[in-house]
Structures are given as structure tokens and as C-alpha cells.
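Note that the chains are named A, B, C and D in the order they appear, and that numbering of residues resets to 1 at the start of each chain.
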Amino acid sequence: MFNEYNPLKKAMFQVIDNDGKVINKRWMPQISDTRLLKIYKDMLFARVADLQIVSYQRQGRIFTYPPNYGQEAIAAAAGALIQDNDWMVPAFREMGTMLAKGVTLKELFLYFMGYEDGSKFENAKFTLPISVPIASQLLHAAGIGYAVKYNNEDKVIYAFVGDGGTSEGDFHEAVNFAGVWKVPVIFIIQNNQYGISTPTKMQTASDSLAIKAVAYGVKGIQVDGNDLFAMYKAIEESVKVCRNGEGPVLIEAVTYRKGAHTTSDDPTKYRTKEEEQEWDERDPMKRLKSYLIANKLWSEKEEDKIIPQFKEEVDRQFIEAENYGPYPKEDVFKYLYAEMPDDLHDQERQYDRFLQWKATKVK
Amino acid sequence: MVNAINDALDIKLAEDKSVIVYGEDVGVEGGVFRVTEGLQQKYGASRVFDSPLAESGIVGTAVGMAVAGLRPVVEMQFCGFIYPAFNQIISHASRMRNRSRGKFETPMVIRMPYGGGINALEHHSESMETIFGHIPGLKVVVPSTPHDAKGMLIAAIESNDTILFMEPKRIYRAIKQEVDEGKFTIPLGKANILTQGTDVTVVAYGAMVREVQKAMVMAKEAGISVELIDLRSIYPIDRETISKSVKKTGRIITVTEGPRTYGVGSEISQIAIEEAFLNLEAPPSRVSGFDVIVPLPKGEHHFIQDPYKIFYEIERIVKY
Amino acid sequence: MVNAINDALDIKLAEDKSVIVYGEDVGVEGGVFRVTEGLQQKYGASRVFDSPLAESGIVGTAVGMAVAGLRPVVEMQFCGFIYPAFNQIISHASRMRNRSRGKFETPMVIRMPYGGGINALEHHSESMETIFGHIPGLKVVVPSTPHDAKGMLIAAIESNDTILFMEPKRIYRAIKQEVDEGKFTIPLGKANILTQGTDVTVVAYGAMVREVQKAMVMAKEAGISVELIDLRSIYPIDRETISKSVKKTGRIITVTEGPRTYGVGSEISQIAIEEAFLNLEAPPSRVSGFDVIVPLPKGEHHFIQDPYKIFYEIERIVKY
Amino acid sequence: MFNEYNPLKKAMFQVIDNDGKVINKRWMPQISDTRLLKIYKDMLFARVADLQIVSYQRQGRIFTYPPNYGQEAIAAAAGALIQDNDWMVPAFREMGTMLAKGVTLKELFLYFMGYEDGSKFENAKFTLPISVPIASQLLHAAGIGYAVKYNNEDKVIYAFVGDGGTSEGDFHEAVNFAGVWKVPVIFIIQNNQYGISTPTKMQTASDSLAIKAVAYGVKGIQVDGNDLFAMYKAIEESVKVCRNGEGPVLIEAVTYRKGAHTTSDDPTKYRTKEEEQEWDERDPMKRLKSYLIANKLWSEKEEDKIIPQFKEEVDRQFIEAENYGPYPKEDVFKYLYAEMPDDLHDQERQYDRFLQWKATKVK
């Protein structure tokens, strides 16, 4: 597959077309109907959650939030394949994979409401917190890859980055280190066409992002990121490469950020209605749904039934997060060092004294 | 303040063809805080534009442009994202003149919103001015009002030095002030005495000035006369203004947002003891953040300086 | 000191399979200062190895390894080349525990030769410990003797924190000292009183300790009794030791190599005035580099602290 | 040429063989005999200087120095083509190009003896000082490229980096920016097989360094860096690309550092005699000399005559540098800012007072 879709050939790997029809039987992944349905529902859940969060934000109930809207197939495919013991190294637009690892929506809500507790990911093993500084997390993935290889563990590291992130030096260093060390990392670039307002063509003059694999001597492939089957198959094959000790893989998943960059962004400033409509045709949910309906695995009726349930579930977790309670003062100081240095301890005590004094002033 | 900064850029872009403005999303979008709004339309995409997402790239290319005679004004999108550019700042932007014994200069400005209090994500609320103030060859300045922002930015763009221009984003839109039209400059490196007072000198800058002013209301009620100095320049420090003031009041407190240890406060205290040891009636003191990472929004109130904290310290020092 | 550090690495590599040593040229060559000499032969190339030439890559991958349970000890080849890694240090290595509320830790050591006095090229002589000491979540330590280097490095490798281990390269081979064999540790964060004295406290660390000791010979001749504290830890600072000493002597001077403004000196002074204001008989003072870029070798004598400079200040402060 | 030698084809561009015989007439550059002789003499001068400096260093008369030994053809070819108004952005192993720009040996000596004055390059226009932090200078080249393009100047920027330097994030960002901006920069990687002791294969798993051009959508070519004609031609063609506004070019010049990394390095630790001998066969001076002698343009006799003259000239400049005199105290403070801040002025005055006091103590 990596030969057939060598990025130098400039062909994007696709399995279904915009109407959900299989156009590439050879590479159609084997997914059982139940499993496929589960994946679709996970994508749907992510989308429902996503749209709902945007409306919470409008109500002022959450701060910034970066929607996954339109990119659900990528995180869902990775989520379907990632194992409990595999590592997840997120950027910040991979809700599907995080949920699959056991992160809860409530935790994500807490995080975006402004609690570090939301990054603890109590039930998600081997899942790093969201990384805000673009591309820097990729080096962690390479380092984890080294540890996994050093310890002879049978684990794969899933690492995410955006198209914008490929311009950072850390992207270069990470894929390069991983290539030299031949470590089992799948680097997934979500090329959603923009880094905030900046289009991908202003990030780089290269023919594609997948082609950058050549610079590191690693396998690369450009995949239709709105085609769940293609994403699934590409990751499945990448996992094999990794488990065979053949080193890292670079996947460019071509997609589109249908929403705003974050809830504080206004995309009408930098892109056209026509462009948005064009991408609507390629919407990953729509395409998978067409496939499912055509194959009698799903119906609009079922969808109409399940959406309210999902909304309710999202709301339930959101309200739980909203009622999380105050942020304990101790938490400001507690996690800096394995043991708190005396001086920091003093600072905390001084703060206590101030708070006591303040309590007498402010009633 | 956003408008004042935009105005300063506008004036310099109009006046000097060597001025170039770029950074992440500063072109079409006009910056995530809309500071550069409208400038690309006005001056074209070769003078105001979006760069690839790479901070070292942005600062490093600006060094090259400056060496070649342009006056780049680049934006770091948030205070937490300047670090990939750290090597270019400390190894080149601040060194080129010294290294080449004056043959090359790097007249360039690095603009950066900084500081907390806006309910932002991690890395969007830092105040790490100390580490930049400690870099020889760099100048670091912070305006506290729209007027200062405009005058200081114009001065920064006209300077032949490399200037880190830190913008207190918390007050980007908070302070309403009539700003003089047209071009004017405010000399870099000079502090500004905002209020004369006799009991204690309080040194602050950026968004902290306003917080001190709130504390001063309480101080006044308590009968304490505060002399408020807006430091304006983190490096170089206006030693003379501080010296005079502390000699007069005998007491000094510095209010900053960043971590305490190795913060700006201890340097101001050191200056006070060097300049006015025998006049001191209380130990030079500081109100600052703790030595911790800025908490996410729900915990940020524990970290940022509220006026009560400042007043608490004013009272303590005056009663000392 | 080179041997003592090599010994510490050797002991930990032998004892703990999770310890991994890498960096530029640390493998086959054993490091440009031969600090890691022989270790690759002994422990194999999967435990001691050369990395690609990329400091962000080195520190960033170490963060990943540490998160995954290893204990990487990485080398930055010279103090001037740590800056490309600055973002990984300030945004990740020092933050992972806090960010994940204790779920992940980054037990890792970044070793780095620092400081001047060895006739080196540009960027090979810096002492910028302040900027690292100001980073919350990071520990920064400096040994001044081979014995301390060994004990502190073992402690650093065993710590679950991220430690910047700064090695004063000027005395890499300058101090002859018997170092205890076998394993021992020296707790990080504790200063060391090297000489008891009554007239003035002098705080120093790294290569400056030896320079102060030279100055103390002159001081003794002049009848001045100096209490010498080896700070050992830039962050956290051992407040208690400083406090006790300055309460006793009433005078304190900090001797450092880096630029003056926002240097370690002003923080030590601040601690002195916070802890012992009423005991002070002279202003807490500092001997430091100037706010300039370290000159190339032919001019370096103007920059580094000679014992006369230190003695000059001791005399001034004692006579104050 | 860039099509024919597209790095994806994995063919190295060569013009002469190890014996100086032309094996690639099609791409043999047009160089007049006098000009060619001049280039050869320049290379010879560089080599003589180089070897002499190493011996000065052994005598303790200079600190560290990174020899060019074995790599002379690259800097010489660039030196022959670079114009007075072109920009030179050096790493630190390009003596030939620097001399061509008008830098003097004396200045280089001063620099390596420890005077910043050696970086002033009084007579070399548009030549940046040596850049110690690896690869960081490439971004300056991209920025200068922007300025040149912005000002519609007809200038080319020559930027150098080593094989090790390609691992740094700044390499990536620089070539990427240059690609997006389409600026006239020739990036020349001197792949001398090592970064200090680290062999190139430990820097990257990519098939070549030239191939990294693909990642940035720029032209690239791998050239035999020990083949003066090939280097000359490759740079000549690159200059055309740049002057045509077709953007940057990435040249990998394959060569060998015959000497130590710097005078403080011992290469026997990390490489074999056999390897060194193998590369002796490909020595750039030897190859060019064979060509010249075969074409009756040069003789051993002439060489024997000229070498002592060169040695003398090197020595003359070295001794001038040695007698440069003391380092004025003022120079420590003077160049930090356009105008010296008061506080720095105070620091200088305090230092003056200390020096006066010290003068009374030390006799």
C-alpha cells in the first residue's frame, strides 16, 4: 500500500466516493457491521457533542473550544484501532480518539472550562494531555517511541498535528528523530486546510504534506481524511509497519475544518461560502451514512432517535462539569515538584494569611 | 489599546516603506486580537502578511530582513508561543550589532500580547518579562495605556535596536482613553510617575498599573499617600526615577504578574537598596505571582494580583 | 569534576536500566569534554548514544521517554546551545506533572557545561542561570566541587523532577579532590556553608566559589572574616541558610558570572532584606557580569570576576 | 539540469572523475583558463592557510579553529560565482567564499584569536559574521531573501550549513519559508560526512540530504562537492533559477572533512584510516590539479614555487593579527545598543573605578 500510494505519485488514497460508494475494493478494510455501526455512532456522538459545545460557548458557559466538526472520520478511525496499551499523543482536535481511549466528555469540558483536573484522564491509559504549543508534542511521541522500543513493548504511538503544525521546527525534528530511531510512531497530520486563518498553501510550497515523509526516509501516505474507510485502512496498515519494527509512518489526512478555528474565530473573514459548500459534499458523516444506508445498516429514523439520546448524554456530562465546584487553592502549588520546596510552601502560607486578612475586609 | 497599536503601525507603514508587518494570522484576519486589522488591505500583502506557523522562522527571518535594511515588526501570537523563537532572539536579534562591531544592526520589533486575566487556555497567560530583560542587547518595554502604547510603539519601530514590545492583553480593550492623533513618540527606557506621593513608592507596569490604582483608592481611605511609577521599560530600567522616588518615600513595592523568584521585583528592590539604603524605612518589597505555572481560568484568581493583595502589602510596608 | 560526573553516570547506568544517556557526540566520542567517555562501550548504544544535532529534539524526546518511564540524562553541548530547546523546557519538561495533575512526571536531567574563562568561541561562555531559575517547575543546580558534582548528579537522576544540571566547565579539570567511591547523594536545594565567618556573607556557586576563596585570602589579610556559602541550587533557593547567615553577619554579597540586571544577585539581596532587614549594616550587594554579551577571549578578562573585584566589593561593604 | 538531477533519481551530479577526467561533457561549465587557474590558486591558498593555522594552534597561538581541509572546492566554486552585491551567509567552514567576498585572513585570524573585530569584515560587502549556533543563520538568509525580493534587487543569497545542521528545526523553517516566499537563496549543505563525531547516517534516515528539497517544493540537487566543475556548474545554474525569480535551491555538496572538526577534536576516535584513505582518492585539490596538469595549465613546479609565497602571506597576516594589540575595555559596552543606556554607562564607570583601585593594588 505504501508503495502503491507513495506520496511521490501524488495520488490521494480513497476507498469511497462522496456518495459513499466503494471505489477502491482492493483496499476496502474488513470491518464487521456491528463494529462499523459503532464507529459511525461514535462519530455521530462526537459531532453532536461538538455542535452542542459551540452552543454552550455562545451561552457563556465555557471558554474557548476548538471544534472537530467535519474532521470526525480521522479521530474515529484512529479511535477504532488504537489499543488500550497504545499511546495517544493529541494535538487538540482529536476528540474521537480521546473518547475511544477512555477520556470522558466531562473531562474535556472541565479542561475547556478551566480546570487542570480535566487533563488527568482518569480512565484513559497512556494518553497525554492536550498540547497547546503547536507541534511540540510530536517530539514526545518520538521519545515515547524510543522507550517502547527500548523496553520491547508491543505498542504503537498515535501522534497528531495540524497542517499548520508541519511548519514548526519541532515537526521536522520529531519525524527525523523517529526516522533515525525507527520507532513505532504514526504521525497523523490533520490537514484541515487552515491554521486559524492561514491556508495550507501559505504554510509550505511542497506538493503535499505527505510528501514530507521523503525528507525523513519514512513511509508516508496522503489519505482522504473524510473517508472513514480510507483512514481506517491507512492506519491499520501503518500499525502493521510499526509492529513490524519498520519505523514510523507519516499520514496526511486531507479534511476540512467545517467550523471555526475556535469559538472565538470567525471564518467568514478568510474563506468563501463556495468553498464551504464544496467541502459539504465531502462531509465524512454524510459519506459514511450514505454507505450505511445503502447497505441497510442504518436509517434516518434511527439517527433521529439516537441524536436526542446523545444530546442528553452530552448535557449530562456538561452539567456535571459545570457543577464541579471551586478550584482548591492547594492545587495551584501542589503539582510543581515531587516534593514542595520550602520557599513555595512559604508562598502558600503567605497567601493563606492574605486570604484570612481579605476575608475580614470583604464581606 | 488595540486601536492605538493599530494606529501606530498604520502611521509607520504609511511613512516608511521599510516597515514590514507579519506573523501568524496578522494579514487576512488582522491578528487574533485584531491588532493588525485592515492593514493588509491598506498596504498590500507584501508589507502585511501571514507567515507560516513557526516562531523561530518569524523572528529569524526578521533578523535577516533587518540586517538587509528593512524594519520588520513581527507578532508572536501569544506570550506562551515566543519560546520556539528564543534562540533567534538571544543568539542573533540581540547580538548582531555587537557581533559585527556595529556593521550590521537589527532594527526590529517583536510584538507580543502577554499576561493573564482573560480566561485563556494554558500558555496564553504568562508574564515572563524577566527572562527577556536579562538578555543583553535586547530592550523590553510594556505600555500601560493606549496613549503610551502608540507613542512607545512608534519609538520602538524607529529605534535601531531589537525591541520586545509586550502588550498587556488584559487591558487591550479595557481602557478608554483619547489618544492623540498623528505621530508622536514616547522615549523608551523612561519610567513615568503617574501619581506623586509621599509614604510609599509603588512600581508597576502593564495591566498591573490599573490594579495598583484600584488599591490606591483603598490606600487613600487609609490615609496612605502612594507614589505610583509606571516602569514602562523592563530593560533598560530607569534607575534615576526609582532612585529619586524611593529616596523621598523611603519605601518601595514592586507589583508584577510573573513568578516571584528572579522576578522584576527583586531587581527593583536591589536598585532601591543600592541607591537609597540609608533612606529606607522598610524593606523593599514585592507583590508578584507565586513560583507556579499560571493556573487555568478557574484557578487564575489565586494567581493574579488583586487590588486587595496590593493594598495588603502597602499597608504592611507603611506600618513596618 | 569530569571524572566525578562520569562516575555518577556510570553508577546510575549500572544500577538502573531506565537511565538513558544521550546528546550530541556523547556516544562514540564520549562528549566534547569527555564527560561520557567509555560509557557507550560499557552500556551499549541503546543506552548511551549520539543524537541528531537538534536540541529541541533532544529535550523533547527526553520528555517523551520520561513520561514513558525512562530516566533520560541528556547533554546540551554548551550553554549557548540550549536555547533551541527552550520551548520544550519551559512548555513541557517543567509542566507535565502540573498539567496532568500528577498523572505524568518527567524525571529527567539536562546536563550542560556553562560559564566562561576557557577562551572559547562565542556562545560557549554564557551563564544565564537566571532565566532557568525563573521557570516554575524546573530545578536548577550547580556543583562547585567534584564531590558535589557526583552526589548532586546522582540525586538529580534519582529525582522525579526535571533538573537542569549546570556544570562549571572552567573547573572541569581544575580542582583536584578525592571523591568518595561508590554511591552517595547530596540533597538538591540545600546550600553549603564552606567557611564560617562573622563580618560578611558571600554567596557564590560553580566556578565563582574558587574565585571567592582567592579573594578571601586578601580579605583575611585585611582582617575581614568572610562567611562563604556555596548556593548549589539556583532554584529552589535555600532561604534558611542565607537568612541565618545574613542575620549573623549583617552584610551579604552575591558573586555571579552572568549579566547583572535580573541576575541571581538581586534575588539573594531581596531574600536578605526580607529576612534580615533590621540586621543589615550595609546594602546587600552583588558582584556580577555587566549587562553585556560575554566578550570573545581577548576581552573576556573585562567580564569575568577576578578575585580583586570580589575583594574590592567585600572591602567596600564591610567599610560601609 | 534540476530535472535531470532531480534528487529523487538518486544520482549525484559529477563532471570529472577522481583522476580529473571529464566524464560529463554536457554539463562541463565554461570557465576560461585564467579564471580556472585563479580558482585553483584560491583553493590552494585556502588549503595552505588551513594547514598553517592548525600548526599555529599547536603552538598555542590561536584558540579553536575549524579547518576547511578537503572541502575547498565548495567554497571556491561559490567564491568564484558570488558577486560583490550578493549576500554571503556563512556557517563557519567556508573560508574560500569569504576570502572571495573580501574578508581577509587577518580578520579570520582575529576572530579565532578572540577579537570581535575579526567579524567586522571591513571590505566584504553583504557578508554576515560567522554564525556559531548551527543552522540558525539559514533563517537570516531567507529573511534577506525577502528583503532583496521586496526591494526588487538583483541579488542572490548564498547560505551555508553542514550535514549536522540539517537536523535542526531552523533548517526546516528556513528552507520552508524560502520556498513559500520564493526568494533567491542558494542553500548549500556541505555534507562532509560528520557533525563532529556523528556520522550523517545518524542525522537522518533520508536517502540523501538533497532529497529534503522535496519537502519544501524547491529545487534540489546532490553534487559531488569535491568536483570543482560540478560545484561551479550547479551553483551557476542555481543562480539562474534565483535570478529568474523561481525561488530557492537546495544543494547538497558531498564532501569529506579531511581534518579534525576543530583543532580540539581527535577524529581517530570515530573514523577509520581506510575511510580517510578512500576519501583521499577523491580529494578536490588533487582532482582539479590532475585536470590542470593534463591540460597543461599547471605543473608541480609552479605549485612548489607558489606554496612558499602563500605560506609567507598567511604568516604575514597571522603576525599582523597577533600584534593587533589589547582589547579596549570600551568595546565590551559599546555595541550593545544604538545608544548606551544610562545603567550600562554606570556599570562601565563602576568598572573604571575598580580598575583604578586595582592598579594601586597590583603592581
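In the analysis below, contacts are C-beta pairs under 8 Å (C-beta built on N, C-alpha and C of every residue); 3 or more make two chains touch, one makes a residue touch a chain.
Fair warning: this is a prediction, and the values are worked out from it, not measured in the lab.
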- [ ] Find out how few touching-chain steps suffice to connect chain B with chain C.
- [x] 1
Open item on the list: Taking the mean of the C-alpha atoms as each chain's centre, how many Å separate chain C from chain D?
Closed with: 35
Open item on the list: Measuring centre to centre with CA averages, how many angstrom lie between chain A and chain D?
Closed with: 44
- [ ] Just give me the whole-number Å value for how far the CA centre of chain A lies from that of chain C.
- [x] 40
Open item on the list: Two-or-more-chain contact residues of chain D, please, as numbers and ranges.
Closed with: 116, 133, 136, 167-170, 173, 176, 180, 202-204, 331, 336, 343-344
Open item on the list: Where in chain B do residues touch two or more of the other chains?
Closed with: 52, 54, 56-57, 80, 83-84, 87, 91, 98-99, 122-123, 136-137, 236-237, 261, 291-293
TODO: If you connect every pair of chains that touch, what shape comes out? Choose line, ring, star, complete or other.
DONE: complete
Open item on the list: Which stretch or stretches of chain A touch chain B in the complex?
Closed with: 63-64, 111, 113-116, 132-134, 136, 164-165, 167-170, 195-198, 202-204, 264-265, 269-270, 326-327, 329, 331-333, 336, 343-344, 347-348, 351, 354, 357-358, 361-362
Task: chain C-touching residues of chain B, taken from the complex the two chains share - done: 56, 80, 83-84, 86-87, 90-91, 94-95, 98-99, 122-123, 128, 130-131, 133-137, 235-237, 258-259, 261-267, 269-270, 273-274, 277, 282-286, 291-293
Open item on the list: Looking at the complex, which residues from chain C come into contact with chain A?
Closed with: 20, 46, 51-52, 54, 56-57, 59-70, 72, 84, 87-88, 91-92, 96-105, 136-137, 139, 159-161, 189, 236-237, 239-240
Task: chain D-touching residues of chain A, taken from the complex the two chains share - done: 8, 167-173, 176, 179-180, 182, 202-207, 211-212, 214-218, 247
TODO: Going by the contact rule at the top, pick out the chain A residues touching chain C in the complex.
DONE: 87, 116-117, 119-121, 128-129, 131-133, 136, 138-148, 150-151, 169-170, 173-174, 176-177, 180, 331, 334-338, 341-344, 346
